[in-house]
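Presented below are the structures under discussion, each in the form of structure tokens.
Both complexes below contain subunit A, partnered by subunit B and then by subunit C.
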Partner chain A sequence: MGTTASQLGKDLLSEYQELTFLTKQEILLAHKRFSELLSKDERNLPNTRVSMERILTLPELKSNPFRERICHVFSTSDQKNGSLSFEDFLDLLSAFSDSATLEIKSHYAFRIFDFDDDGTLDCGDLEKLVNCLTGETDDTRLTTDEMRQLINNILEESDIDKDGTVNLSEFQHVISRSPDFVSSFKIVL
Partner chain B sequence: DGEKKKRKKRRRKGAHRAEEGEDEVQTRHERREREKRRRAKNDQETSEEEDDKEEDSKDEEVRPECLTPEELEKLKEAVDERKKLIQSLRGKPWPMKKKLVTLRESQEFVEKYEGALGKGKGRKLYAYKVMMTKKWMKFQRDFENFKTACIPWEMKIKEIESHFGSSVASYFIFLRWMYGINMILFGLTFGLVMVPEALMGRPYGSMPRKTVPRSEETSAMDFAVLWDFGGYAQYSVLFYGFYNNQRAIGWLKFRMPLSYFLVGVGTVAYSYMVVIRTMARNANESGVGDDNSFNFSWKMFTSWDYLIGNPETADNKFASITTSFKEAILEEQESHKDDNIHLTRFLRVLANFLVLCCLAGSGYLIYFVVRRSQKFALDGLENHTWWERNEVNMVMSLLGMFCPMLFDVISTLENYHPRVALQWQLGRIFALFLGNLYTFIIALMDEINLKREEEKIVKFNITTWEASLYNGTISENSTAPSITINPADVPRGPCWETMVGQEFVRLIISDTMTTYITLLIGDFLRAVLVRFLNYCWCWDLEAGFPSYSEFDVSGNVLGLIFNQGMIWMGAFYAPCLPALNVLRLHVSMYLQCWAVMCCNVPQERVFKASGSNNFYMAMLLVILFLSTLPAIYTIVTIPPSFDCGPFSGKNRMFDVIHETLESDFPAWFSKVFSYASNPGLVLPFILLMVLAIYYLQSTSKSYRQANVELKKKLQTVI
Partner chain C sequence: MEPQRQNSSYHGDQQSLRLRQVSSPASNQNHPHFNWNPGPEEDEVDGSETQQDLRTLGLPMGLKRAVRQVQQMKIPVVSSSDSWKLKRTKTLRTIKARGREVLSFLTLWKKTLQKIGGNFGGGVKSYFLFLRFLVVLNFFSFLLIGGFILIPSIVLTSVDTQLVNSTGQEECLEYDPNPQGLVLFYDYLLDLLSGTGFMEYSFLFYGYYSMKDSSYSLPLAYLLTAVFYFAFCLICIIVRMGTAARVTVATGGGAVGNYSSIVFTGWDYGCLGDRATKLKQNNIRYQLQVDLEEERLKQQAAALTASQKLLLYSLRVSMFFVAVGFIAAALYGIFVATEFSQGRSGDEGILGLVFEYLPSIIITAGNFVVPLLCDQIASVEKYPPTVTIILALLRAVVLRLAGLIVLLSTLWSQITCNGQTTSGECQLCQYDHKNYPCWESRIGQEMYKLTLFDLLINMATLVLAEFPRRLLVDSWSNKLTQWVGRQEFVVPANVLGLVYGQTVVWTGTLFCPLLPLINTIKFIVLFYCKKLTLFQNCRPALKTFRSTTSNFFFLLVLLLGLGIATMVMIYSVAQIHPSMACGPFRSLPNIWSIVPNSFYSLSDVTQEFLFFIGSQAFSIPLFTLSCVVMCYIIALASVYGKSVALLRAQLKAEGKDKQFLVKQYEKLRQQLQMPEQSGGL
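Let's turn to the complex of A and B:
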């Protein structure tokens, strides 16, 4: 019995409930939405992966500036192409769910913002992050001066050990004091 | 697939071993069968033959019978550790595959050795306990699932979230929370006050207080009178005056006056509890607010709202984030420049002076209008136009609509940062509503005093009227015969409590109507005009003035809070108010959801009034306190009317407690109570509480200091 059979087995369902922050209805809804992304013949194969392009057609992810990073972070595929299996999809929803803890959200947020996957947020990562946030059109981008100023301010605030990068614990420290983070870092199907 | 093969292998092994170590396996088998998990049937090997890829090697040779107590202890610890691991698996940032493998391993380990641990006398009990714990956890999980499925309006709010972002959705979440509170209040007042009186009390028409007076009978069914809550609506369970002061009613011996009093106190107590508990929970979640030390980092890392699913909203969000970055950078550079501080200061003082004038003016206007309406009432209401009859409510609602706009215009003089300006605006609107409400109450107090004067006169008149009745028949018999008089003909005292209840109900209804009409005209009509007139208009209506309206979160939240304040104030005198409010909130939810999706556009700049979520909760708490003050004052100082309501005939309303203690409780109880309410005991208790508050505050201050010190140390240590 695979994880993308047309019906989820009861035991597998209860294991998923144990291992994620999702309720039974949410898992079943996720299964339904995931199956819709698959073609008819793929649905009966176990452990299929959905390519990144198809995942990004989901309305919840379509308008998100970090959509590709999200897919890369949660994907466990060997080819590193951002494709998600159903279990990866559940991991994604669990981390973004309402009841997920601050630690798990901040952990995944850090990995999403770490564009070059080196375990720290350096100037290049921060610059790409700002560009994502300000949209892709030219008139909304910041000038190089503004960018430099912004990154300096951020490093001054968050970089406690003054090594020029923000590591995971510094990031978690900053995030834990924010009142908005938990409520905005949410995706609900 | 690999998992399946492993399972098959184990099953085969288990069957093989079962033949060998039959005895011990059988006992364990029996125990397992009591546990209902499917996997239990697989694990039938003895420990020695366990294939140890999955397990810790230290437990290789465990045979339950030959364990020493320390090894038993160690085994127990290992099992507990595994259980903890299972519970914490959710919060680990591992991929699902790894979590599944760990879960299955740990579950097998726990099952295998859990049975082993229950050796000796407590074996059966232990296994039973384990099974009950498992069932309990499953029940809890199912209950959580059920609870989340029961939450109403979830899909609607989710849709709004994806279009408008989380700040607009927070208003609807707040509305839903209020709806929940009002449902509970409705349950209390309906179930414990209205239903008992309706079912078990004396029916309509059996007593003077329950009957429409003869003079009003002809108009009692008119729609206009009913809409005004007079006529049959007034003489029903909806208002205070209908209730009988009989101590125990019906076959249940239901203590009606006691129940009325306790429900009144209970609604306030419940509201306090809920608001404070929510505030505490919010405070815990958001942590100690260092609002300014991580400004830029928060803008970077937390400003994107992941719930946005609409490309238009996303574009708006991009624009607002860019603006906020640029502004923050500019502010950082300009924070040491203040040009022309004197002009700014002068303008701000001028603006505050203007606002004070506005507030004073609106307060006086309300007072004037209320006195005028009293004059109209003395003349008789039929002689006046509709406007004059409903003047008070209309004026209050209109002031509530137009003054905030005025404040907005005045605040352009002040030149504050938008977040600070929003806080000032909210503060001023709060002061406006509060002032209006209190002026209304003061005017109401005047009316109450008038009615009490009237009551004295009516009391005197009744004695003469009764005497006249007896005089007519005294010639027939020497003993006074019992005269049956139709209750409708008995002269009535003016029941001031019902009057207060009616005033509040009318206020709430007119407030609701005003809100809905403003919504329809201000939002819907405007959107229709902009959309359809745009084809034949000289300038672009959609981009310039007036364009589509944005959803005013703070204004709506304030309106909701004040509405709730009025409910709390009036619920003691009109038990129908929570029911009315439930209906109102229900309709509001649907109407506003439709209006926001249909007529509003996402906000261009999103500013929250404060960093923490407790700002609105704090306002709600203040309103709760301020609105229960008048009710408490009237209960404690004013004697109840002599002929209406559940407390008629008593000296003060709270005498009902005293009466209950004396008659319903055993003698020693009232003695204990009288000792407890002795000032000699109460004063030291209050002193103790004040000391406790002082102590807690000073410890929290010292913790905050320690926090700051540690932070500084952290920064200098590297």
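Let's turn to the complex of A and C:
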């Protein structure tokens, strides 16, 4: 089951409403924006996948430093190339929506920050994460000393079982103490 | 999928309960487990719960669909009562979602605040949030006052009722605020700015309201509304402080877990466009660098030798006295200016207007100069950045509010002839009736002038100082302008301006009932002016400060202002004799006496009931009950704190157990491999 022609069927719409945190208007808007990314003949095919480059032309994702990781996390493609189908796109918007719970947001945030996909955040992941946050160019990175000091501090604060990595529960513990997370982890079309 | 499914079903029986809440990946798996074969204890019939389950699963859409099919096959036919329950929970949820949508639509300035936060950071956004809170507070206060004082007053004035005859000396009753003879046009403007002339005898000031003989006791309503107004503001501030305090406590005071929360939760995914993204990245980088530098400085400071420490502390003590000296000098200046202004209050024309506004001018000048000097002092003291900001706030707060107190005490000493109400000018009417025939209106006018002047100064600073500065810096690019640079939006000074303005309004509301409305309009104008200057003239701050602790501190300072205003009100209500020539309390010895008078006109049963509530037989059990409730809550809080510590220790122990088991497994594996190798040889 996937997108059929250019209109969403009523039962499909209600199914999406049940399975995601999106309202009816948000799903219809998402369908419209997704169809704009497709070429004319692709629109009539069911289950089309949009390549990552075309998804990243969306203004909401264009300048986000985590855009590639977001595409990889939500993509269900077999080639692991970050392409998204319409249902992947809805999953993405559902996790970033207004009404999504803290658990689902922290779950996906963890997966986005896990650059090597090994289920924990180790020093390499944290370094890449900090570089994304401060800017990719050479003059916007932190110095090596600062980076080392920062990563030590982060591990000291959040690594409770002292295994040198941050796992999901420790990550969620940090998130739960921050009141702004739910409102900042939001992408609205 | 097959091996994963078998794996999950093995874990399923032990971990089934936990998996229902959060689907967390095991340490070596990329995709979360889902319990395909739930145990018998999970066969819930409540359909809404399964729906919640589905959306909170971190699975792709295809898998969620499959899960739903499995669950639908398991659910037996629902009875009619259960389907009714299902429908009810569904409608409740849609109502809640719809309600939340409406509430977010009604929230004032939501998009603007998001834009400000994204571009300039949390510190500047906290100022605008505080300003919005004050606008809403003032608006609802105006509705309260309007409903109970203004509208009945208008209604009763239109209805022709008899004026109560006021007794007292003839001289005390002389009061004629209406302007005499020909009034020049520019006098209207002067009157508008200072609240005299045609504005004095209007609904704006206390003097217009009167004691009409009707079933709605206007004086009682006036006093009780003022009291409720203060109580309402107090409750709003405390509720908001509670939220801010809870956040501070939950985040452990902001210092612990700071780096992790910046890195894990710092990014705002709503940032659109390259410019906003770069700004946010700069912000985060500066924040991290500032925190890391602060930590390094702390380590350095701890490594100082004894003689260096002694030098530093003696420097700090001497700078403290210097700061106190500056503040005392400014306060003395305000005192002298107020006396002078009151002495020359009869002067006409522009010079008269300058003399009238002299206290406000001196207060503003002092508030501008002294913080600059204190900034220089702070650079000598070398405290860490957060302490520096809090100290700057404290010093500025003391100066601002003390300036107001000096002004008020000067006024009061003149109205009551330095407290001696039986001598000199005050002998006849117990207040200085020659200079202040209607002293309440005069105080209302002073507060009105302060409010207006504050707004005018803000707008003048905008036009005359901030825009030209930006134009200069942008068009010329020599060394001087680069060094001066664009303006930075200084949050503490602006917040103190708001607190000062609000304190003035609180002090003046008893005597100028429309002041909350004027203040609402003033703050709305101020919001747009500050927003304009922020986006046009300011650059993002290089040093950011933690907004969570400072939010709490802003509200604490606001509470201090409320406390001062309450003391002023209590003193005016209880001690000073009301004017005999104007106002709703003109025939009473003091304003408070309206309450006992009205009390005795209530029915006997109500009187006995109220006496009972005030007596010891009621208040002592009430006090004991509140102590018991407080003890219970304290015990609960300590139990939660202990269980949090226990859970953390448990997590640590589990981690160690896991490492131990992994080591044992490795050892066993090596032992098993060794005989194989020796057997294979």
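By definition in this document, the second predicted complex is superposed on the first by the 186 of 189 C-alpha atoms of A that agree within 3 Å, B and C clash if a C-alpha of one lies under 4 Å from a C-alpha of the other, contacts with A are read in each partner's own complex, and residues count from 1 in each chain.
Basically, a contact is a pair of C-beta atoms (placed from the backbone, for glycine too) under 8 Å apart; a residue touches a chain by one contact, two chains touch by 3 or more.
These numbers were taken from a predicted model, which means no experiment stands behind them.
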First, second, both or neither for A:Gln25, with subunit B first and subunit C second: first
Which of subunit B and subunit C A:Asn167 touches, first, second, both or neither: second
Subunit B versus subunit C as contact partner of A:Thr140, first or second or both or neither: both
First, second, both or neither for A:Ile187, with subunit B first and subunit C second: both
First, second, both or neither for A:Thr120, with subunit B first and subunit C second: second
Contacts of A:Leu129 with subunit B and subunit C, given as first, second, both or neither: both
Touched partner set for A:Leu56, first subunit B, second subunit C, both or neither: neither
Touching partner for A:Asp11 - first (subunit B), second (subunit C), both, neither: first
Touched partner set for A:Leu90, first subunit B, second subunit C, both or neither: both
Footprint overlap on subunit A, where subunit B in one structure and subunit C in the other make contact: 15, 18-21, 23, 59-60, 63-66, 76, 87-88, 90-91, 94, 96, 101, 103-104, 107-109, 113, 126, 129-130, 133-135, 140, 142, 146, 149-150, 153-154, 157-158, 160-162, 171, 174-175, 177-181, 184-188
Subunit B residues within the subunit A interface of the complex: 38, 86, 89-93, 95-97, 99-100, 103-104, 141, 144-145, 148-149, 158, 161-162, 166, 285-290, 293-298, 300-311, 313-315, 318-319, 321-322, 325-326, 329, 332, 608, 611-613, 714-715, 718
In the complex with subunit C, residue positions of subunit A that touch it: 1, 15, 18-21, 23, 59-60, 63-66, 74, 76, 87-88, 90-91, 94, 96, 99, 101, 103-104, 107-109, 111, 113, 117-120, 126, 129-130, 133-135, 140, 142, 146, 149-150, 153-154, 157-158, 160-163, 167-172, 174-175, 177-181, 184-188
Complex interface listing, subunit C residues touching subunit A: 21-30, 32, 51, 54-56, 58, 60-62, 64-65, 68, 97, 100, 122, 247, 250-252, 256-261, 263-274, 276-278, 281-282, 284-285, 288-289, 292, 295, 648, 651-652, 654-656, 658-659
Footprint of subunit B on subunit A - complex, ascending: 11, 15, 17-21, 23-25, 59-60, 62-66, 76, 87-88, 90-91, 94-96, 101, 103-104, 107-109, 113, 126, 129-130, 133-135, 140-142, 146, 149-150, 153-154, 157-158, 160-162, 171, 174-188
